[in-house]
Amino acid sequence: MFLKDIAARIDAELVDCDPGIWIESVSPLDKAVKGDISFFTNVKYKDAADKTKASAIMVSKKDAGMLSGLPLMLVESPYLAMAEVSTFFMQDNRPAPGIAQNAYVAGDAVINKSATILPMAYVGSKAQIGAKTVIYPGVVIEDSAIIGRDCLIYPNCSILRCCRIGNRVIIHSGSVIGSDGYGFAPDGSTYRKIPQTGIVQIDDDCEIGAGNTIDRATFGKTWIKRGVKTDNLVQIAHNVEIGEDTLLVAHVGISGSTKIGKHCILAGKTGVVGHIEIGDDVIVGGRSSINKSLASGSIVSGTPAIPHRDALKVYATIPRLPEMRRQITELTKQVKELQKKLAEVSDGYK
Amino acid sequence: MFLKDIAARIDAELVDCDPGIWIESVSPLDKAVKGDISFFTNVKYKDAADKTKASAIMVSKKDAGMLSGLPLMLVESPYLAMAEVSTFFMQDNRPAPGIAQNAYVAGDAVINKSATILPMAYVGSKAQIGAKTVIYPGVVIEDSAIIGRDCLIYPNCSILRCCRIGNRVIIHSGSVIGSDGYGFAPDGSTYRKIPQTGIVQIDDDCEIGAGNTIDRATFGKTWIKRGVKTDNLVQIAHNVEIGEDTLLVAHVGISGSTKIGKHCILAGKTGVVGHIEIGDDVIVGGRSSINKSLASGSIVSGTPAIPHRDALKVYATIPRLPEMRRQITELTKQVKELQKKLAEVSDGYK
Amino acid sequence: MFLKDIAARIDAELVDCDPGIWIESVSPLDKAVKGDISFFTNVKYKDAADKTKASAIMVSKKDAGMLSGLPLMLVESPYLAMAEVSTFFMQDNRPAPGIAQNAYVAGDAVINKSATILPMAYVGSKAQIGAKTVIYPGVVIEDSAIIGRDCLIYPNCSILRCCRIGNRVIIHSGSVIGSDGYGFAPDGSTYRKIPQTGIVQIDDDCEIGAGNTIDRATFGKTWIKRGVKTDNLVQIAHNVEIGEDTLLVAHVGISGSTKIGKHCILAGKTGVVGHIEIGDDVIVGGRSSINKSLASGSIVSGTPAIPHRDALKVYATIPRLPEMRRQITELTKQVKELQKKLAEVSDGYK
């Protein structure tokens, strides 16, 4: 594509660029060669920008001054522009529609004609696979599970009995949707399994990372709402609800029956106890422990989680604890000394 | 089933109920409709109980007073009763016995006639599968592995070479039983692999969550004893022993050669170092770090773990650290001031 | 093998042993019987050594004095010797070469004649499998992925599109190599996926644990260099680089674009933020949080991570926080009292 055509499609203004240059791909500043578009998102990369061989650099109007003299494309958000321009150069890897001979598809499964079922995949009885959806090798879609259209279910995922996946959902390799919730009733000596009779429902436009485990509900459904994106190795327990466009980063774990609102971000390794409610637009720092409900708009960190601003002060204080302890010991000694001396002075005065 | 028949089977006393009503299912208080049985286990749900449409509410005698006037079933443990009554309404999803045409079963594997091997499953040479056990699609049972009777091995699990699984064991999707232990000997510049020649043994009535990794022993066996229940994404290293009826919650990790007793509970994200012993009936709070042996009956939390009662006080103090630091600075100033003034007074007096 | 032949092969000196005894296997001290070789690596096991029935105990010259009178084999490193001797007794489990009838191999995949593709494995278009490599059941090797020679890719792993694996690499069950990086650009209301167009490259002699997730790069490659060993359930984000011979223990997570040097050890449950650099020979204690770059040779622990020596003092102080708070309150009271009394004395004096 010519640079001027790319600029037109993403509504970018060209500055000091050759609009007629032929663009081959998108690359980071330090790897780009002539014919590449690059992007500038962080002042850390100013040096790389000065040295880049890219034929154009996408940059926000705000940061453009820093790069004056370089070939620039002024955009609203270079990150977003990079995401969009990258798609112009992507090969379509979606395999041809049809059911591979080496796949297993139950006779009463309903597979859309434009869907792809690759070899070594399994689709159970009464399962449904929507239009243009791809079921990769090693995937198991159990009986009565429903997968919408334009989904990508990557290798070795397990979508278990009766679970429902919306449209344009991506599930990365090795994830498990619909394992039994962790529910046991102590009977005095051992534990009795509580049947997990519900399902998992994942709504449109979600992306589930690799190696996730999302448990089915005891009753009703575990519910991942529209636009949720999870990173890898995330654990979501039975009857949890995750609101629209919420992000759960790697190694996050959410305990049973907890509800999380929309547009939240839970950073890596955060844990959330069960049976609480987290509002909308909540941001939780990495490795935090949430043990009570949080109002919408909260920004918290730590174990236990406290307002992030306070947590930063706590984190700054922790390394000084041994020093603080010594100071307290010293103060205690000095105060005793003072008490003794004052008593002497006081006595002497009398 | 008629309500009176259910009550008779679980030995419950009916209060203000219609014993002749036909019951269709078990539901939580807020979702229940006429014809449902519900259950009351937590005072948080008092409102939901007052508004429920359930035809009967299972409740402990202790809590019954709170719900007077509602249709009640008095039971010992509503949680246990709910577990039991749920099973009355469960469909039997166990597929018909037999080896699917699209499964791979080695010629010398020993498959009980009442076992089920579903399509896309693999059973290796000299492996044994017990009566009524179901091997779901995508499961790999390697050579010489032995699976008992009445087990459910869910999709895409890997039960590796020579491992032994008891009776009535459930292993959820994506779990790995018998990966090599993490053992390397430094040879000065790089690492040399220590062969992992042992196995994993999982005894009767265990339930292993989804996405678990349980490593085989260097020598001998990694041993998961009767009735252990693990949640999802739990890591158990080589030569670990977990005692009967112990619970390991999601994201827990146990390092090599550690022994954990019976009836313990390790809450989510807890980590345990290697080569230590944890007694029986030990309870460990979420995200704790256990770095030394613990006596039976210990209740601990934190990093490093200390008695839980003390840990609660520590957690309550942590947010006040910056304030404490300011106080120490202020006290130091005041004490210096006092020392100076006292010296003046003392000098003046002399 | 005769003991004298083993001793000769590993260059060990026999003390109080019968060099002509026939050795059957390697065993830990407490399990060994006559005809076994054992090893002594930790003073904790002195009792077990005194009671062992092993025919020879591998021990360092330094520790030999502790075990005088017992049948000893003096070696440089008993751990390394144990690793080596174990291999003498290992059965070769590598299956016969060839492509199983029940495997799926694309017509244009390139499979070395000495490689093994087991039943239920999938090898996609233009993929390459090197000499003597074994692809176990349930493994998915996607299109254009390249696997070197002498590799073991264990059951149910997913090696995705275009990823490159070197020689003598072991990947344990259920691991995912090449899932999409977690990259989304907020567009004001929801998130837009940033295409992940790079690959994962794993160099020679690496061993990847079970249930790992290693994401492909946004551009370029996520790079695991020669000799890296990861434990189970490790998460490695897009564009990360891990240096030669570095160890990542279970549940470790590395965020995007971070570079880690050679010969580092990151203990279990440690998390590392994105876009930082960790030098060579860095050691990080368990459950640490690394939020800024670290110089080579650093030894750190904690959240946030500080020098390990200081962290030990911090950990020792934390349980005393409630006591420290009481002391501060008490000191504040006493200082006020002193101020008052001193004022009185001072006034009286005037």
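All chains are identified by letter, namely A, B and C, in their written order; residue positions are counted from 1 within each chain.
Definition applied: a residue touches a chain if its C-beta (ideal position, glycine included) is under 8 Å from a C-beta of that chain, and two chains touch if they have at least 3 such contacts.
These figures come from a predicted structure and were not determined experimentally.
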Chain contact topology (line, ring, star, complete or other): complete
Chain copies touching (chain B, chain C) - same or different residues, decided at half shared: different
Whole-Å gap separating chain B and chain C, where each centre is the average of the chain's CA atoms: 25
Overlap residues in chain A, where contacts from two or more other chains coincide: 120, 138, 156, 174, 211, 233, 251, 269, 318, 321, 324, 328, 331, 335, 338, 342, 345, 349
In the complex with chain B, residue positions of chain A that touch it: 104, 120-122, 124, 138-140, 142-143, 156-158, 160-161, 174-176, 179-180, 182-187, 189-195, 197, 211, 213, 215, 218-220, 233, 235, 237, 251, 253, 255, 269, 271, 273, 275, 289, 302-304, 306, 310, 313-314, 316-318, 320-321, 324, 327-328, 331, 334-335, 338, 341-342, 345, 348-349
Complex contacts: residues of chain C adjacent to chain B: 26-28, 31, 42, 44, 77, 79-80, 82-84, 86-87, 89-90, 93, 100, 102, 118-120, 136-138, 154-156, 170, 172-174, 205, 207, 209-211, 227, 229, 231-233, 244-245, 247, 249-251, 268-269, 286-287, 315, 318-319, 321-322, 324-325, 328, 331-332, 335, 338-339, 342, 345-346, 349
